[in-house]
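Order as written gives the chain letters A, B, C and D; numbering starts at 1 within each chain.
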Amino acid sequence: MVKKFNQLAYSNLDDFVYGSCPNPVTTKSGMVIGGGTVYPEINFTLPGMDINDTTIKKACTIYSNIIDGVLKRAAELYAPGVLVEFETVPDFTENPKYGIEVNRILLNSMKEASEKYGLKSAIRTTPNDLREFSRPPIMRHGKYWDTMLELFEQCAKDGSDFISIESTGGKEIHDGALVKADIRTAIFALGVLGVTDMEFLWKHLVGIAKANNCYPAGDSACGFANTAMVLAEKGFIPHVFAAVIRVAAVPRGLVAFEQGCVGPGKDCAYEGPYIKAITGLPIGMEGKSAAGAHLSPIGNIAAALADTWSNESIQQVKLLSEMAPVVAMEQLIYDCRLMNAATKKGQQVMFRDLLVDSDAALDVQAYVLRPDVVMRISAELVKTQDNFLRTKIAAKLTVQELKKAINEGIVKSDRRDMKWLDKMDKAIDSIPDDAGEFYEQMKSELDMTKFIPSEYGLK
Amino acid sequence: MVKKFNQLAYSNLDDFVYGSCPNPVTTKSGMVIGGGTVYPEINFTLPGMDINDTTIKKACTIYSNIIDGVLKRAAELYAPGVLVEFETVPDFTENPKYGIEVNRILLNSMKEASEKYGLKSAIRTTPNDLREFSRPPIMRHGKYWDTMLELFEQCAKDGSDFISIESTGGKEIHDGALVKADIRTAIFALGVLGVTDMEFLWKHLVGIAKANNCYPAGDSACGFANTAMVLAEKGFIPHVFAAVIRVAAVPRGLVAFEQGCVGPGKDCAYEGPYIKAITGLPIGMEGKSAAGAHLSPIGNIAAALADTWSNESIQQVKLLSEMAPVVAMEQLIYDCRLMNAATKKGQQVMFRDLLVDSDAALDVQAYVLRPDVVMRISAELVKTQDNFLRTKIAAKLTVQELKKAINEGIVKSDRRDMKWLDKMDKAIDSIPDDAGEFYEQMKSELDMTKFIPSEYGLK
Amino acid sequence: MATLNDVSQCVLDGELDEVKALVQQLIDAGIDPITIINDGLIAGMNIVAPLFKSGEMFVPEVMESADTMNEGMKLLKPLITDGDIPSKGKIIIGTVNGDLHDIGKNLLIMMMESRGYTVVDLGVDIKEEAFVAAVKEHKPDIVGMSSLLTTTMMKMDSTIKQLTKEGLRDQIKIIIGGAPITQEFAEDIGADGYSEDASTAVELCDRMMTA
Amino acid sequence: MATLNDVSQCVLDGELDEVKALVQQLIDAGIDPITIINDGLIAGMNIVAPLFKSGEMFVPEVMESADTMNEGMKLLKPLITDGDIPSKGKIIIGTVNGDLHDIGKNLLIMMMESRGYTVVDLGVDIKEEAFVAAVKEHKPDIVGMSSLLTTTMMKMDSTIKQLTKEGLRDQIKIIIGGAPITQEFAEDIGADGYSEDASTAVELCDRMMTA
C-alpha cells in the first residue's frame, strides 16, 4: 500500500521548525526523533587504507576505536542521545560479512555505552548502492543487488534501528546532465529514472525493514543534488542550476516515504525540508557541521528544520586535540545544545529564523531552503500525485522563485545567473507533462551505452 | 604610564555582549573589532615535519597554500573581514628569519586577497615565549629574550596589525601546582611570578608596538588555565580546580592591558570575559570552533562575549572536502554569521543568553563564564589595584560562587567537588594579603632548581 | 572574410553552429590547415583555459567551446596526414579499482583533450593489470589515476608497484588526483605529479612534456 | 596490630602521615621487608592504578598515594640489599629536541615509578645524541620519547635512526607518545609501542617486559 501525500503536514509556518514534527519516530533506546529535541548524528570513515581479508581486522579495530571514542565524548558532554550512522564504503557491501561485522561492533559498543554511561543511542545502517558497479547499471537483479540486500537484511536482523541508502537510479544519465548544466536531461534522470527506481528499490527495503523490527528511514539525492552543489562550490556550474536540481530532487526523495519510510530522512538529503513539510516526518540534516566532508553555502540554514544534525563523514585522523570523529561529535553536541536551549525557552522559531537569516540572502541554494519558500513550493507539489510531473513543476517553480528573488534583490546572485535561469525556464517549458511522451522525445538524445531502459521498466 | 582599572567598563548587563564593547579597535584595513560585528579569527599550523634550512622552503609553501586557501573561502562566503593569527611554533622564533619570512608571506597574501576579492583582513602575530627554553627560565635577558624581541620588532615593522604572546612567566612553578591541584602554589605562580613577569614583558612589547605603528593586543593564561582545563577534561584534576584557576588568572591577564594593550585579547584566553568587563576592550575567544585543538566544556558559552571567534589551531591536513584550515574557516564564518544575524535584528542579548544557557549549568568551568558571574566577580576585583591581592580574591570569590551554585543545584557537579572546594577555601585563607610576606612563607616549599627568583625581581 | 581571430572567438563563445562555416571560409581561402588548428581553434581554447581557471567560465561553457573546436577539427582532419595533427602527448587515464567516481576524471579528460593532448579514457574501477595492459597497448607519455575514496587510494600505490614490476615505470610519467589525494601522498607512493584540479593538471602535464 | 592490608589502604588513601607508623609496626613484628613492599605498599598502588584509569581518582590523589608509598619505602630500603628492591625494569624517558612539554611525560614517570619501574628522567629538549648517551650510560630496558608538537615529532624518527646507527637499537624497546602521535606513526618510524595515556603506557611496558 503506497501512501499518498496530497496535502501539507503543516498549516502554520511557525510550527515548521527544527527538533519537532507531527510524526516523530521512537528508537529502540527510547530517543524520540522529532519529539522536541535535536539529536547529533555522527558519521565516520576509515583513513586511507586497503580493505581485504588481511586488513579487515585492523579496519574493525579502527571502527571500534572510533565508536568508543565518540560515545565516550557524547557521554561526557551529556548528549541526550546519539544517532550513529554506519554508511559503508563499497568493500563493506561487496563483502557483506565485513559490513555485518562492523555493524555488530557498533551495536555492541552502543550497548556498552548505555550500560557504562547511561547514554542513549540508535544506529542507522546505510549500505552503499552497489548496483552502479555494473556499467551500465543493472538495477533489479544480479550479484550486486543480491549482495546489497544480504547486508541490509542481516543488519536489520542484528538490531539496527534504521536502514537507509543513497540510491543512484538515474545517476548514470544525470552525471552528464550536470556537467553540461542540461536541465531537461536532469529532469528525465530524476523524474523518470530516479522515481521509477526508488519505487522498485524501496518496496524491497521497506519489506526487509518491516520483517525485522527495523525502520526504513529514507534516501538521499546526494548523487544528484549534492554533486551539483559540490560542482557549484568549485565554480564549475552555476549556483542557480544546483539550486534548481535540489528542489527537482524532492519528488524522487518523496517516493521512499510513499513506500513506507518513517524518517529520519538522510542527513545529506538537503531536500529534507520539503519532505518534512509534505510528510510531517523527521529529517536528518547537516551543514557547517559537515564542512569536513563538503563545503557548502548552507552552513546554518540547513539546521533550521533538522531533527538530527550530522557531520556527514570524517576520517579517523588525529587532530591536535583528538581523533577527528571525536572532534566532530563535540561540535555536533554544542550545535544541538544551542538549538535545544532555544526550544526550552520557547524561542525555537526565533532561533530558526536566525539560522535562516544567516544564509538565505547570500546564495540561491540557501534561499530555496527558506521555510516559507519550502512551504510555498511544497504546497504546489502535493497537488499532483504524478512524481514525474511533480519533478517538472518543482524545477519550474524554483526557477520562478529565484527569478523573483533576484529581481527583488533579496538574494545575492552572479551576473550570469539570469541568463541561466532563462535558459532553464525555456528548457523546462519544452518538456511535456507526460513521462512516456518525454521518454519518446529523449530517446534520440540519450547515450544508450550508459543505461539500460529495461532496468527502469522502459522500452 | 600604567593604566588603572578601578571600575567596571559596563554598568548594564544587557550591554555586555559579543561583538561590541565600549573601546573597539580599528585595523589597518578598516575592520572595527568590537564595533558590532564578530569576526572570524583563523589559526593554523604545519603538519608533522622537521624545520631546518632545507625544509623551510617547503614549510613556507605550506603556509602560503594555507593562507590562500582560507582567504579564498572567506571571500566566497562573504566574510565581513578575517583576523589571521600567526602563532609561531618554536623554530620560527628561534630562527627569527623563518618567522619573519612566513609573516611576510601571510601579509602578502592578505594584500592580494584584498585586491582580488575585496576581502578585508588583519593579522595578529604571536611569537611563542622562547624564554622557557632555558631551564630554569631566564626571563629578562639572554639569547632567547633577544631573539624573541627581534621577531616581534621586525613583524611589527613589516606591517602586522597586532602583536600578542602567550607568556609563561611563573609556569615553571605552576605546572607542578596543577598536577598536585595545589591552589596556594598556583596563586603564587599566577599572582606573584606571573603578574611580575607580565609587567616586565609587556612594557617592552608595548614599546615595540608603539614604535612601529602596530597594536599590542593581549596575552593568554593558556599555559596555566587551559592546561588546567585540558587536564580536567582528561579527568586528571577536578573541574572545580580548573574553574578556580581560570578566574585566578584574570589579574595576571589584566596586567597586559594596564601596560597598554588595546585588544583583541588572545583567543585562547578564556579569562577574556573578565578582561572585557573590566577594560571595555574587545576580546578574541574560541569554543566548539577550537575542538580540533582542545576539547572543552565551554563550546558555546565561550562565544557569549567574543569579538573575534577563533579555531585556536589546526594542522594542514586533508579532510574529505578540503584542507582542515579551510574547513575551520568555513565553520568560523557560519558561527559568526549566526551571531551577527542576531545583532542585526537586535536580538544579541537573547542570543548571548542562549549561548550561556547551552553550557552554564553543565560544567563549573562554563559556569564561571556566565556574564552575570563575570560582572559580579569583576566588580570586586576592580576594588583593589594590587594584582597579587586581586589574584587571591579572584580565587576566593570563585570558590564561593561555585559552592553556592552547587548547593543551589544550578550547576552539575561531581560528588568529589565539594571536598575540593573546601580544601581550596582553607588553603586560600591561609594566604596572607601581602605578596612579600607570601613569598617568605613559600620559600621553603618551592623547588629552587626550577626557578630563579631574581628573574622576577625577587630575592 | 573570416579571420583566424574569428575562429578563436567562435570557440570561446561555443558557437557550435557557426564554426563550420568560418573554418570552411579559411580553408577555401587557402590557409594552411595546421595554421587554422593552431592559431584559430587551439588559440581559442587557450583563451578559454585561464578563464575557466579563474572562475569566469563554467564547465558547460568550456564543454561547448571544446565541442566547437572539435566540430572545426572534423573539417580539418581529412586535409592533414595523421602524424601532422599536433598532439602535445598521449595520456591514459582511469579511476582505480573499487572506485566509481568519474566526474572529476571526465572533466580532466575534457580539459586535456581541448588543450591538445591525446587521451585514452580507461573508465572506472580499473584494476592494476588493466593499467599495465593499457600502457603496453597505448604506449602513453603519461598515466593518470583518479581516486575519490580513502579506501581505494592505496590502489594507486599497488598500480605503481605493478607498473614497476613489469618494467614499464621508466617509460611513463604518473600523475594522480582526487579528493583524498595530497602532494605528500603522491611523493610517498612515488608518483611523478599531483594536481588538485583539471586546470592545474594540464599545466602539470605541460611541464612534464617539456621537462 | 597493623596488617599488610592496612598498609595498602593507607597508600590508597594517600595518608602520608600514617604510613611510617604502620610500616614500622610490621617491621617490628618481623614481617619480611620484601613482603611489606610487595603485599603492602605495591599492593596499594595496584588498587590505585585501575581507579585512576577509570577516572575515579585524580592525579593529585595518585601522587599522594605514590608519595605515601615512597615514604614507606624509605623505612624499608635500608633493610634490604639494593638488588632485592623489586624493579620491573629500567626506563629512560625524555621530551625530544625542541619540545618543552613535560606535564604528560612527568605523569608518565610518576605512574611508572609507582608501578615498580626504575625511571631515569632525562628532562625536556633532549637531542638525539643525548638519548644515545643516556642509553649507553643507563642501559635501560625501555626508552620513552614524548613529543607534543607536530614540528618535533620527526625527532623521534631521527633519534631512532641514531640509536640504530650506534648499534643500540636491538638492546632496547622504544615507546613513544604525546598529542600528535598515533599508532600508525609509531609503526612508520619503527617504534615498538605507542600509548595514548599514562595508564595504558604502564600496561604497554608490562607487556614488553614479559614478552
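The definition used in the following text is that contacts are C-beta pairs under 8 Å (C-beta built on N, C-alpha and C of every residue); 3 or more make two chains touch, one makes a residue touch a chain.
These numbers were taken from a predicted model, which means no experiment stands behind them.
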Taking CA centroids for every chain, report which one is farthest away from subunit B.
C
What whole-number Å value describes the gap between the mean CA coordinates of subunit C and subunit D?
60
With centres defined as the mean C-alpha position, give me the subunit B-subunit C separation in Å.
51
Using Cα averages as centroids, what's the distance between subunit B and subunit D in whole Å?
34
Counting only residues that touch at least 2 other chains, which ones in subunit C make the list?
150, 180
Return the residues of subunit A touching two or more other chains; collapse runs of consecutive numbers into ranges.
45, 47, 315, 320-321
For this entry, which pairs of chains touch?
A-B, A-C, A-D, B-C, B-D
Subunit C residues touching subunit B - in the complex, by the definition given at the top:
150, 179-182, 184
Listed in rising order, subunit A residues that touch subunit C in their complex are 45-51, 89-91, 132-133, 135, 175, 178-182, 227, 231, 234-238, 315, 416
Can you check the complex and tell me which residues of subunit B touch subunit A?
45, 73, 76-78, 233, 287-288, 291-295, 297, 299-300, 313-315, 317, 319-322, 324, 326-327, 330-331, 333-335, 337-338, 341-342, 344-345, 347, 350-351, 354-355, 357-359, 362, 412
Counting only contacts in the complex, subunit B reaches subunit C at residues 47, 318, 320-321
Quick one: which bits of subunit D touch subunit B in the complex? Just the residue numbers, please.
55, 58-60, 63, 98-100, 102-103, 106-107, 123-125, 149-151, 153-155, 158, 180, 185, 197
